[in-house]
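Take a look at the following structure, please.
Order as written gives the chain letters A, B, C and D; numbering starts at 1 within each chain.
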Amino acid sequence: MSVSRQELLIHTIAGLLKDCRSIAVGASSPIPGAGALLAKHRATRRTFVTILGSRKHNAMNSGGVELFDMAAQGRVDAFFLGGGQIDGEANINLVGAGGTYPQTNVRWPGSFGSGYLYYLVPHVILFREEHTRRVMVPKVDFISSPGPRADGVYRPGGPVGLLTNLCWFSFDRERRRFTLETVHPGHSVEEVRDNTAFEFDIAATVGPTAEPDAQTLALIRGPIARQIGEAYPRFVQQVFPDAA
Amino acid sequence: MSQDWLLGSAEELAARIPDGAKVAIGVDNTGVAMETTRAMIRRGVRDLHLVCVPMAGLQADLLIGAGCISTLETSAVTFGEYGVPHRFHDALKRGALKMMDATCPAIYAAMEAGRKEIPFIPLRGLLGSDLVVHRPDWKTIDNPFAPEADRPDPILLLPAIRPDVALIHAPYADRNGNIFIGRRRDFALMAQASRQGALVTVEEVRDIDLMASEETAAGALPAIYVEATAVAPRGAWPLGLPDVYDIDEAHFRRYGELARTADGFARYLDEFVHRRKQAAE
Amino acid sequence: MSQDWLLGSAEELAARIPDGAKVAIGVDNTGVAMETTRAMIRRGVRDLHLVCVPMAGLQADLLIGAGCISTLETSAVTFGEYGVPHRFHDALKRGALKMMDATCPAIYAAMEAGRKEIPFIPLRGLLGSDLVVHRPDWKTIDNPFAPEADRPDPILLLPAIRPDVALIHAPYADRNGNIFIGRRRDFALMAQASRQGALVTVEEVRDIDLMASEETAAGALPAIYVEATAVAPRGAWPLGLPDVYDIDEAHFRRYGELARTADGFARYLDEFVHRRKQAAE
Amino acid sequence: MSVSRQELLIHTIAGLLKDCRSIAVGASSPIPGAGALLAKHRATRRTFVTILGSRKHNAMNSGGVELFDMAAQGRVDAFFLGGGQIDGEANINLVGAGGTYPQTNVRWPGSFGSGYLYYLVPHVILFREEHTRRVMVPKVDFISSPGPRADGVYRPGGPVGLLTNLCWFSFDRERRRFTLETVHPGHSVEEVRDNTAFEFDIAATVGPTAEPDAQTLALIRGPIARQIGEAYPRFVQQVFPDAA
């Protein structure tokens, strides 16, 4: 049974979320959302999943500020952030590239909640599907949110690693460096190296990213696809047409 | 019961927004006052400071393209899957916009400070972000309550945001001018923090009293925070209104196409914004 | 759906409150967890820091009389028309209570700071009041955002309050552990600001989902803020629960009479608090 | 037609509230509540009255903090405060008297919202029925909230005057002094002086406090009494038995 890229990512994310009791997923994030729902499905204790844009998967009722207050209270264990650029110290840029701010050559939407949640949520998973030297840069042009650093700033949270279309890097907050842990089936360490413009370490044994078993695949393609379809109908139509 | 709060049209609401006002808007598709926005463009309002709570999309792009905005305070401008906010990008490149990039919780916290009329509020996060570099209105201090006196605990202070008005579109008002907002509490925050209060369009006025029971009171924006209201059926169009109508996807995409160029945007305004004015004249 | 949040009794809730905990309670007659309060006295909890949001009455007097409280943070202790809180007065006179007198909005603001996990929050008012003299935990600074640099603008900073638990009694929980609170948003603030969350008694559990619609979601306390819940019919007795039952006036007055003296109070405990324990043994 | 003490006070309060668009009334305040409802009844424009303890007369839905935030926003034009002690500089004491704080000889409930609203609400009406030297003291034993003073503190609000069972004093925020303006029918300036232990000025002409006319009396005894009965049934039973 062949496993799609999306299915592999959903499965990988669910594994990363295994011990999280409360998971929040930002806008435009169908794969993290599906991963969170899969983690919840497997959890033995009550797990809260809040998917922005979903009404059903929403633990909140006090307006947009509530997610941020919940994170500050310690009630969000995991969140996802991306970046138009990500560098080797896990700084992320969601604002723009080139030129001189604010007149950047490229302008992305903006920093959203990154300048806050990145400091406070214990398990931030950096998730960016595109894995190219354009995205994985030596130094971001604009720091929407800085990676962990020893600057005395209150920072109970931070990144656990970076998941892309090619691989999974863990992140060491003390050493401020990514380590390549697994490479997705069909890709190679060389390919990761060629497409990453920042320096990173390589684990002693870099295995292939584990694929979901048949039972998990059936779960993803059935109930999980249907659940995420409430907030992301278009995604499900394209990726899981049988569940749409 | 006097219904002096009920105006005749979105044009009358727009007339209450002076040039130079600080205007709070919410997130696309939560109940955005698009008909009021069009009325503002028809009236030719200028020099607004737009506060996006906490981000913006079509509503902001339209106002920017029409030249109504001089300052944009937001955590993001995005059309999501419906394309790219070209008028925003164009204005930014031309240097026509004073840009105040923020992060969502900073806008919320500053609005909460505005609601309390406290001059500032501290917030965690943010230090080390380039956002701070470009926000001279924010100040870093050492937390005077740091647990260890010999170990500084830097923290950011944000000045309060008190908009002049908040723009909202909602499913209905009750007979006393209370507005049904459900759990979209952002609208309450926006209205409360605003000096004049909210300018609200609604699909309809219902002959009920939302405040009469615990069940319905919780989902109301109390009338005391509402400066004025007008009925505007499908007033959020082409955006959606939760539980009432969906986003007009075809129209949104068409906007995205036309707004690529200044000319195309002008044609869009002619057809979808000014047409109504001409019809009325 | 796992209902691991649903415990067997108020005794099990009380068992989750360690000695020395900081405990938030609400205003009498809004939905006060009196059965949990009695269970706490039966268990013999000690050395609590009681945070009254923003004031207290019978619930506090009972806990003080039973020797559970070492610190009392409140804006007022009052029985309203039902008499005088003699156990509070007696403990105060004996010096048995660390008293932290406040004003209502200071308690709310500090709880809001706790909800945001910001270390402090500024608040207007208060300067020149003797309250400030007796609250060394509050600090006065010059507003760093004062409009005129040469004219100081003193303002008070309050440290955040993060209770360990919040005690609530509500009409019902839904099947997922969300609690109906209506517009009594103080309970949401208390639960959110608390580290463990709320310990809630309810009249009943209903097989509905409060979060399923905009109308009902607005009046819910979401389950994520609730550490545990137990069913306790008439759990607010002898106080009232809005829309469900009224205050037991005769009982309240009888309490007021008995609690005039330590002996009378001990008899009250024997009859109305410990009796249940004896029955269970 | 004889006018009761309560009716006179309700009528006087309504007059003081004439131009207020938003009036809030704290706990245990049936007379101010009735005065506010009378003012609302007579107003030509929409008037908001919030009576703590009333569900019907309540412009709010966001918890107890909302009244205070509304006041800070400038959305409360008038409020009422009392005091176990009130002194000639309009300092008020709601905490206790005698002894050494916190072990005062007498303990009152506490400061409630006074330490905040007194600074922020433009028309604070001090209302205390008991007019004795025990209450109207030269200097309060504990300042729950200070009267206006030139200390550079942000203070857009403050007291407009003091209404008691004997009289109405206005308060001058610059001079920090009360001025006796009217004395209630059946009482005298001498009586006020004998029962007031603080110094105050006396207006050039001290007239009698105006009594309500027949139409107003009928309003108070009928619809206003019935309305305030929702929050204060016992008060209405005692004072307006016909409306209970």
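Rule of thumb we're sticking to: a residue touches a chain if its C-beta (ideal position, glycine included) is under 8 Å from a C-beta of that chain, and two chains touch if they have at least 3 such contacts.
Note that the structure is predicted; figures quoted are calculated from it, not measured.
**Student:** Figure out the least number of contact steps between chain A and chain D, where 1 means they touch directly.
**Tutor:** Counted as steps through touching chains, the separation is 2.
**Student:** For chain B and chain D, what's the span in angstrom between their mean Cα positions?
**Tutor:** The separation of the two C-alpha centroids amounts to 39 Å.
**Student:** At what distance in angstrom does the C-alpha mean of chain C lie from that of chain B?
**Tutor:** Those two chain centres are 36 Å apart.
**Student:** Centre to centre, by mean C-alpha position, how many angstrom separate chain A and chain B?
**Tutor:** About 29 Å separates the centre of chain A from that of chain B.
**Student:** If you look at chain A, which of its residues touch at least two other chains?
**Tutor:** 61-62, 72, in rising order.
**Student:** Hey, what residues on chain C touch two or more of the other chains?
**Tutor:** Those would be 109, 112, 116-118, 123-124, 153, 155, 183-185, 188, 217-218, 242.
**Student:** Which of line, ring, star, complete or other matches the graph of chains that touch?
**Tutor:** Graph shape here is other: it fits none of the named patterns.
**Student:** Let me make sure I understand the interfaces: which chain pairs count as touching?
**Tutor:** A-B, A-C, B-C, B-D, C-D
**Student:** Could you please specify the touching residues of chain A with respect to chain B in the complex?
**Tutor:** Within the complex, chain A touches chain B at residues 27-28, 55, 61-66, 68, 72, 94-95, 101-103, 107, 109-120, 142-146, 149, 151-154, 234.
**Student:** Sort out for me which residues of chain D touch chain B in the complex.
**Tutor:** 22, 45-46, 48, 56, 58-62, 68-70, 72-75
**Student:** In the complex of these two chains, what residues of chain B are touching chain D?
**Tutor:** Those in contact with chain D are residues 2, 4-5, 115-118, 177, 188, 192-193, 195, 211-212, 217-218, 220, 222-225.
**Student:** Which of the residues in chain B come into contact with chain A in the complex?
**Tutor:** 27, 53-55, 74-78, 80-81, 88-89, 92-93, 95, 97, 99, 101-106, 108-109, 112, 123-131, 134, 151-155, 183-186, 188-189, 242
**Student:** Hey, which residues of chain C end up touching chain B in the complex?
**Tutor:** Residues 109, 112, 116-124, 139, 141, 143-146, 153, 155, 157, 159, 181-185, 214-219, 242-243.
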